[in-house]
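Two complexes, one shared chain (chain A), two partners (chain B, chain C).
The block that comes next holds the complex of A and B.
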């Protein structure tokens, strides 16, 4: 009995250890914790941070970074999280734990630092100026299929704005497919050009919807413009292929030769049976005549 | 009197048009036929109600002629659902490297399709290919084959292949012979041996062929690629429920797939080529519409308890 008690005690101890290890503090060594963020809090860095946050973090941590995404996760805007140094957060993003994947292999160091900057600005937006409105115009090149975005200030002066990140997309069934780079910055004339890639499929006439956006930017408000161009390869109708008589099992899709063969065999067999029965009657009839 | 009858706004004329739509398409009906033959002004309340009919026309009808049938009516798409959406061929890409067995996709699927916990349209399996290889999680849907063995064996044409690639079951045709279950090499189908979950709750719900709801005892059920969502231009339930970015879904003809978690859209052919994608049991010639990206660069390697030590 005493032995059983010991075993139970050990088991309980082991279980509590297991539970404890789940909730232990996430130890970060001192040299990791004091690592300095090499990036300044600049609109350009923040925009990169926001882009990456939207792509990689939102699913678990939520749009507002409050930990209410598709699963319950750490609240990134509360005091408990924000009082950690940049170095600690950086280490945790790189290594991950439990449901938090290690992003060390997925993201570049600069990208991680920019996400950290973005999280800091989320709780303290005073560090950045309020965003301005811009005007976004499009011109298209026909010879080489290309699309040029011109970013101008929204006031009457219409000054070209440089160093604005413009995103180019093609509309697809369930979302927007990026064309060009992740970031396309405007030049001094406020223009940025992206070449339309080949082999993009449009609708049945080859029309594609191009969407140009300024988004996730800290200097300028979101704006988007669309253009429809006949640049894509026409979507082929595959109805004929689908309706081809190839699916043997389904009645309406079986090949004609198979139908003829199978039904022919049945017809021949029945014909023989009918012929035999008919002849039996004839023999009987002939017999009656003979007897008379 | 005659003027009244044949003027464009006459109630009789309106009702004649209206009556041809049939009862099944409107959430209002009784009283219509009576008023058609015997129009009495006394009945009218003068309050007009605007309704949308099945031809997508807005019509006005006096509130006195409306009564609630109190029953969910069959969705309009049921008659269309054997045809498939034109110009589309749906494809699912499952990135095994990202699956961490969160099982949000399964939960959502079972909730939407009225499934008991042991019934799966979609199951996340723990796989281990051989003794020395690492285990991984594999979400397994119906593969929506282009050459579906299940469709071939159905004796009553209850399960069918649509032009947009989806294989569906008409539970109102299904006789429960389970030939399709035997034919499917992916074990994607399950049978309602007993009364389905929440049978009472779903009693008055009209059958939706694109959702397989309500489930019927004695018939087969399986993944529908959430055809009801696709009709509305939305991603399937499981795809948008995944927190880990496992699923990409899109139109094969457009050569683009969208990640249900991040919303990123990428080129299908590039995604498949760069990640050495594969399909399950390729050698059977079933030509599935579901592609798998191998579980490389993983952040989580599941542990299998060794039962032999």
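The block that comes next holds the complex of A and C.
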């Protein structure tokens, strides 16, 4: 009995806490609040932060992080938010509240810190230097199907650029499919290589369009290069399937049995209707004779 | 001898005159309460029209339908109205063909309910469309493989047959009106004249009429069954929890007969309280309609048992969220109210004779009608909220459906429209068939024709 009472008491307490926390400030312990951000504000982790923000947070917090996404959420670029310590923000992101999902289990600690850095830079861009132009070249390996991106400085010196995040895609019907990792960094020679996955379907000849991009980078401006390779599995033509009469077929491809059945029913029923309407005229005629 | 005979004819003639003036009495009496009633209905329709114009301007965002629940009150209303319209075939065709004589005074009531409900159903479908301007696409691009196209075909066919079944038995009555309504406005007299097709009541005319009626009564039964079966297939032919059922056709049809019977009872009650028809629609009619309601409800109960018991026993993982939502979850209160108040309780009460007296029967029928509407809602929307594929990244509000004021008013407007059609019909045409009643009371055709 005593145990039951304790449980009930705890439940009531928990509920009231729950109700309480909805309306008041987020409780963050001093321990959490003073936690230090282990990441420096570097272009590399800013890019990571931006990628994560674009992927996971934009839907609610909006493209500009002003809280105007699909739902109204908190403005993350106003002063009130920005004056909180990194530790507080970190805690809020991992625990979540109400419609804000807890990201603790979904994102790595470093990733969350990098998002925080990104939010800081959004309001204070002077923390990083202005972006530069680069040259992006491609070479492909045929033995093992692979693409290598080479990033060089845009000036005449053409120096290889180290630690540049390059994104690799294959063009699909309605968009781009990423291959390789979320981030692929160039080495000291300015090169980064990604292996082309197997069983990618190309066009009827097996051609695939590879798209390589430097994008959302804080050090460099966006640039994109494409290459067409005969690396894919040829797309099998399903013309015959589509030309077949079937339930899923187009308007003029209804199955014959359905045409017969449906039109047969329609014909019989409407024949009766037409007959009855014709009878209305006969009734009228029969009356006319009588009047005379 | 001949004198006696002539006298008898005179008496019969007088009796017939009384019958006609009795049954035509609503046409001759238009009180202010009727005008207020029409004004009230027009007001409701006006509000609905306004809401619809707003919906046209702003899009379906004025409803609470979103990506997940893309069918809501409108479709529930559509299914409900189609269900109601089935009663036309039940009473005019099924009962008539099985030689049930007592239902004669109710045929026209049920047929006008059917026609009005069908018109409203066709309109509400257009209301549910995001782009009504593309309605014609269904005729130009529609595929015969799609149940939606079948539905359009069959609903329109049923409407045509129902109108004919309403109109043809009316012809002899129209001929009477042509003779007796000389004091009415010109357009009304003209309408009677044109519509009565020069009816003289000749044997030939009767023969053609009866032939046509029989043909229609036979053909309307399969068409009526298929109209609601096809409506149920709109759901059952998709792979969705709660809709993926093989008995949806008969389940819908039985439910339709039940709500149709209840609707006729309510209308009968309204008519006898407003007009002096107690001699024609008697307690006996109410009693028998009550019994019919019990019968149809029992069949429906049986289908409900199948429809919920079997999936609930299996509790397949994909469907369990939906079934639990109905039985014990978000919709349980509504679900059990509908099942108990709208079906089980009426059955239990109506097997007791005193409850089949007009007033209690009418009250129970109103509950049945409301329950039936909510039941259609429970069939349409909760299923959509529990698709087999998991839903992700939607705002929380998309996971629920609560009809907006605009949706509710448009739906109310559809009911007001139906009542308006019926009310005006009662004022323009005899709601109880004059000729058929006279015929069944044994008046010979000569008297009917020559008065």
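Definition applied: the second predicted complex is superposed on the first by the 218 of 292 C-alpha atoms of A that agree within 3 Å, B and C clash if a C-alpha of one lies under 4 Å from a C-alpha of the other, contacts with A are read in each partner's own complex, and residues count from 1 in each chain.
Everything that follows uses one rule, which is that contacts are C-beta pairs under 8 Å (C-beta built on N, C-alpha and C of every residue); 3 or more make two chains touch, one makes a residue touch a chain.
Quick caveat: nothing in here was measured; it's all calculated off a predicted structure.
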*Could you look at A:131 and tell me whether it touches chain B, chain C, both or neither (first, second, both, neither)?*
neither
*Would you check which partner chain A:59 touches, where first means chain B only, second means chain C only, and both and neither mean what they say?*
both
*Who does A:160 touch here: chain B (first), chain C (second), both, or neither?*
neither
*Check whether A:206 is in contact with chain B, with chain C, with both or with neither, and answer first, second, both or neither.*
neither
*Counting only touches as set out at the top, which of chain B and chain C does A:174 meet: first, second, both, neither?*
first
_One more residue to check, A:250. First (chain B), second (chain C), both or neither?_
both
_So in the superposed three-chain picture, is A:67 touching just chain B, just chain C, both, or none of them (first/second/both/neither)?_
neither
*Go through the superposed model and pick first if A:235 touches only chain B, second if only chain C, both, or neither.*
first
*Which superposed partner A:273 touches (first chain B, second chain C, both, neither)*: second
*Go through chain A and flag every residue that touches chain B in one model and chain C in the other.*
59, 70-71, 99, 247-251
*In the complex, chain A residues that touch chain B*: 54-56, 58-60, 69-71, 96, 99, 101-102, 105, 169, 172-178, 199-201, 203-204, 235-239, 242-243, 247-251
*Which residues, counting only chain C, touch chain A once they are in their complex?*
141-145, 150, 153, 157, 160-161, 164, 168, 171, 197-200, 202, 204-205, 208-209, 211-212, 215-216, 219, 223, 393, 395-396
_Which residues of chain B touch chain A once you look at their complex with the stated criterion?_
86-89, 100, 102, 104, 147, 151-154, 157, 160-161, 163, 233-235, 241-245, 249-251, 253-256, 258, 261-267, 297, 299-300
*Can you check the complex and tell me which residues of chain A touch chain C?*
59, 70-71, 99, 247-251, 254-255, 258-259, 262, 266, 269-270, 272-273, 275-277, 279-280, 282-284, 286-291
